[in-house]
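Structures follow.
Look at the two complexes coming up: chain A is in both, with chain B in one and chain C in the other.
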Partner chain A sequence: MLGTFCFLLFFVLLSIGPVGISLSEIFKLFTNQSELSATSSMIFWDYRLPKVIVAILGGAALAVSGLLMQTFFQNPLAGPYVLGVQSGAALGVACWTLLLTPISHLLSPSLQSFGVTFASILGSSFTLSVLLLVSFRMPNKLIILIFGLLFAQVSGGIINICISLSNAQALKSFMLWSLGSFQQVAGNDLIIFSAVIMLGIFATVMIAKPLNLLLLGDEYAKTLGLKSKKTNYSIIFLVSILSGTVTAFCGPIGFLGIITPHVARKFLRTNNHYILIPAVALLGAMVAMTAEVFAGLNSAIAIPLNAILGLMGVPFIMVFLWRGRQNEVVF
Partner chain B sequence: MKAIFNIFLVLLSGNLYAENCSGWFKKNGQQIKLKYAKMFTVYTYKKNYLINVADQNYLLSHNSASFNLCAPTLRVNIPVKRVVALSTTYIPAIALLHEEKSLVGFSNIKYISSASIDKKQLIEVQYPPNPELVLSTKADLVVAYVATSAKLEGVERLLQLKIPVVLNADFLEKHPLARAEWFKFFGFFYNKEKAANKIFNEIEREFDSIKSNVKKNVSRRPLVLVGKNDNGIWRGPSAQSDFIKLLTLAGADYFFPKKNKVAESIESVLKNLNKIDFWLPQNSWYNLNQLLAHDQRYKNFPFVMAKNVYNSTNKVTRNGGNDYWESAFMRPDLLLKDLVKIFHPHLLPHHELQWFKKLDYAKSK
Partner chain C sequence: MSVLLEVKNLACGHGKLALLKNLNFVINPGELICLMGPNGCGKTTLLKTLGGLREVMQGTVWINGKNILDYNASELSKKISYLLTNKISIPEIRVLELLKIGRSPYSNFFGRLGKNDVIVIRRVMDELNILALMDKKFDELSDGQKQKVLLARTLVQDTPLVILDEPTTFLDISKKMEMIKLLKNYCHKYHKAILFSSHDWDLVLEMANKMWIFKEGEHLIHTTPEDLVLNEQVEHYFGHDSFNFSKDTGLFNESRNYFKKISIDSHTHDRNKIKWTKHALEKKGHEIVATGSRVLQIFDDKWVLENQNYFSIEELLPNL
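Now for the complex of A and B:
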């Protein structure tokens, strides 16, 4: 059912926009039978299709990251943000946008071209390195969680300093990045983005068995043969790669990562990660596409993606949880 | 009862004494006519001036304490000798009136572009202004811009400390020449009314001459896109802004001619790409590499392929201060020349672009 919804949303999202491209024309485009004008063709292939692909993969990546974090910490409030990877990415972007952009003409053209994406990847990689170092030295999940939260606080502090030192134009650029969007990824960026996310999700499926064992508790899992250190490193690495990549290319996107795993568990009434991982990925893609559909309904008002996700999702989830039975959420 | 009546009389007489200066000058003074500026008014009465800005009125006098016919928001003794400015846009007026030495403090010194300002003599008062630093400048005038929230932006605190703050609302003007008329505003404070009038009249004369030249000689008006795509939304200036009015006077048409707020889906631009002749992003790009790094899909835009992209990054200091934001709107004559040179270069063959530059691919260092 999720797959069918995703399929429908995929085509609906492709057809929505100020330039009219009907569903039948889209089907013909995919079968090389349509003769759209050069402009419509460019709009479709360069803008709409990349946007939908990024929404699908970005939504899936954040949802899977959320599931990994909730399983790892065995805490329903965990999400991709708790490790501080997204904060690290935001710190990188803040330093680039707020401090370096005004003097970017002094940098080499190749460095200028990397820009925001490079800064974001650098920021998230730095956080990932710190986290892996901490987890090597102190294999205690609570300490890793505290380090993640502390790192987010430190990043927030440095970002505030950058903001106070920046000019209005740079501040606006940073604000726009922080609103989140699936619309800025195309060309080579899209290839890199897609490859990393697909590999990350595939790797997550490969560790589904250890994830299932983790739900039994660390000690019991060890008696069943779980190599807990290796599993922990894998989870931290995968979450950092998945959420760090999405943040690098699309900005910080909230809500999806925390809430989607809950909905999947409610619907499927299972904690089996072999089922949950693909389901959560599909659900994440679906939520991301729905948000984009809402954004595209009224082209006269530009509503940021994060605002749509919050406004659309939170009331739905509150009603959903209110009507459901609390004891079905298992940890 | 009699005592209450007496108190009432005292209060009433106090109120009469403290009549608002705006009303008093309207009745007794003479208004100095301004041609384009709408955001401030000036009245004069026996060599005293009253300037009204955003419901504030400032009494300017050679000995303001002796003037007790009405109660202004602030009394300022002219000419002012020590000034703190909180925006770079006030620097062209200070420089053209040759009062650079009066500038003793600034909010963020690294963003000043003007070479005539000796930055070493300035105290950086930060923004929002730090009251202690402002006090340390011993300024007899702080020029701040009309803020959305005076409290949040620190101006209210300065007023509470009796620091003489005057508000400037030049950025709210709509006519392209109106901001330049704010030279007169500074002229009153420096007691250089005539010099300020002369500067403004020259700007106006030059502006009108270019305008009529364009009117006579331009037959085809190119279509111009301003702003850039962020997150699938094209953001640009309002059709009512002074920049777009300048663009129109320079013999070009704006892509969004009727929009008061431009935040449109990128597709509304894409469907008309072939009609667009020029693109003025108005951001921090110095070359086409940066433009394509922001979004490589721009490379398919016809005006990018033709390199008809001009950005306002011609005069940027090593610290990132851009003279375009500091000076261009105070000199509409020169800004108009830049725009005419871009759209109709044959009309100004000898003019060299001041603030705009044609974007090209950067050479590898």
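Now for the complex of A and C:
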């Protein structure tokens, strides 16, 4: 059912935008019998389709990294932002857009566009390296979590300093990035983006068995044969890659990562990661696409993605959790 | 009989601080061994060191003749299983799913269990009488039920050595007895060795064939509960000023302070009636003497004190 819904969303999303393309035309495009004008065809292949692919993969990646975090920290409130990966990326982007803009006209245009992505990846991989170093020394996961949060605070502080030092135009471009968007990835970027995320999700499925063991906590997992160091590094690495890539290309997209694992567990009544990982990925893709549909409904103004996710998602989740809680009391 | 686990000159502890030193012992298949000692003496640390959860600081642990350091995690998981005191809280998990995770040393790369694994899980659930809990959420069980499910999780791992850290916490007296019976049977039937730690003297007396005691400043003492009683060492290890140890029952009694004297004149052959009447009197601070100013007469159907009839101890007590 979820699959069908996803499929429908996929096509709806393809057709919605400032230039409408009807569903029947989309089918014809896919079957190579297009009678579409050159403009529409270009819009479809160069903008619309990439946007949908990015939404699907980005949503899936964030949801899967949320699931990884929750299992790793055994904490239902953990999400991709907790490790500070998103903050690290934001720091990189802030430094780039806010501080380098005065001299950016010296750089070639292609380097300029690549700059944001590059700065973001640099920022998140810096956070990743710090965290890996910490986790080498500190077996205690709570400390890693606290380091992540502290790191986020420090990044926030530096970002604020950057903001106060920068001009209005640079500020606007940073704000736009921080609002989140699936529409900024195209061409070669799209290929890299898709490859990294698909590999990341595939690798996550490969460690599903260790993840299942981790549900019982570190010590029990060890007694069941878990190689805990190796697993811990894999998890931190995968989260950084997945959420770091999404943040780099699409901006810091909140909320999706924390909540999708809860919904999946509730619906499927299981904690088995072999089932949860694909389910959470699908759910994440669905939520991301739904958010994009809402963002594109009014073609006159582009509503920021993070605003939509918050406005649309939070009430839904509140109702969902509230009703779930009541059922538990009855039984 | 081949030795299951052998420890020579072992030291273990937290970080760089050794809590226990110079430990030497063996565990054979089919043995039920209890580890006792005061809080904080390092029982849990020792238990965890045996299964590779803590570093061996000094000395060697052999399992089936092979050094524990030469085992990898998955081989070890088929030799030793644990019931720890760690809390487990997994949102939405059902009992059956939890047990399946417990069986995962035998699952393939995709986490799939074979037919035999399902049979083992069912058998353990049946033996522990928890088949009815199969589809319940673990988080919603009572503490006693949780403890049973966690024990089942340990037993489905089906290892020759089972290590239980305080398995009877959270259990009431009848559940404790049930667990004792169950573990004894398990040990006997499948010829597994069980090493468990406990603070419960009565439990140990009923259950263990062997016991190891830690007392600060002394080495690990190997003995049996019965030897301890016969050698009058129970008080030495577990005694406290406010309790007396009875060699007759093997149990501890409160030390009694007497305020009054009373003598008993029995006209009944019901020995239990006399015994428990004395028990009640002594508890209330009455010393039983041969001849006293007050005499309690015990008949088959009543108690008589100062020409008053009483038909239960409850009626009698306020008028003593």
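Observations, loosely collected:
Just so it is clear, the second predicted complex is superposed on the first by the 316 of 331 C-alpha atoms of A that agree within 3 Å, B and C clash if a C-alpha of one lies under 4 Å from a C-alpha of the other, contacts with A are read in each partner's own complex, and residues count from 1 in each chain.
Please note the rule applied: contacts are C-beta pairs under 8 Å (C-beta built on N, C-alpha and C of every residue); 3 or more make two chains touch, one makes a residue touch a chain.
Remember, it's a predicted structure, so these values are computed and weren't measured experimentally.
After superposition onto chain A, partners chain B and chain C are found to sit side by side with no clash.
Here chain B and chain C are compared by how many residues of chain A each touches, and B touches more.
With both structures placed on the common chain, the touch criterion links A:A186 to chain B but leaves chain C unconnected.
After overlaying the two complexes on the shared chain, residue contacts for A:L176 are found with chain B alone; chain C is out of touch. In the superposed model, A:K51 lies in contact with chain B only, and not with chain C.
In the superposed model, A:M42 lies in contact with chain B only, and not with chain C.
Within the superposed three-chain model, A:N167 lies in touch with chain B and out of touch with chain C [touch as defined at top]. After overlaying the two complexes on the shared chain, residue contacts for A:A152 are found with neither chain B nor chain C. Of the two partner chains placed around the shared chain by superposition, neither chain B nor chain C is touched by A:A89.
Minimum Cα-Cα distance between chain B and chain C in the superposed model: 37 Å. Partner chain A is touched in their complex by these residues of chain C: 48, 51-53, 72-78, 80-82, 84, 86, 88-94, 97-98, 101-102, 104-105, 107, 109-111, 140, 157. The touching residues of chain A, when paired with chain B in their complex, are 17-19, 39-40, 42-43, 46-47, 51, 101-106, 108-110, 112-115, 167, 169-170, 173, 176, 179-181, 183-184, 186-189, 251, 295-296, 299-302, 304-305. Against chain C, the residues of chain A that register as touching in their complex are 74, 76, 208-209, 212-213, 215-217, 219-220, 222-227, 262, 265-266, 269-274, 328. Of all the residues in chain B, the ones that touch chain A in their complex are 108, 111, 230-233, 235, 263-268, 270-271, 273-274, 283-284, 286-287, 289-290, 292-297, 300, 313, 316, 318-322, 325, 361-365.
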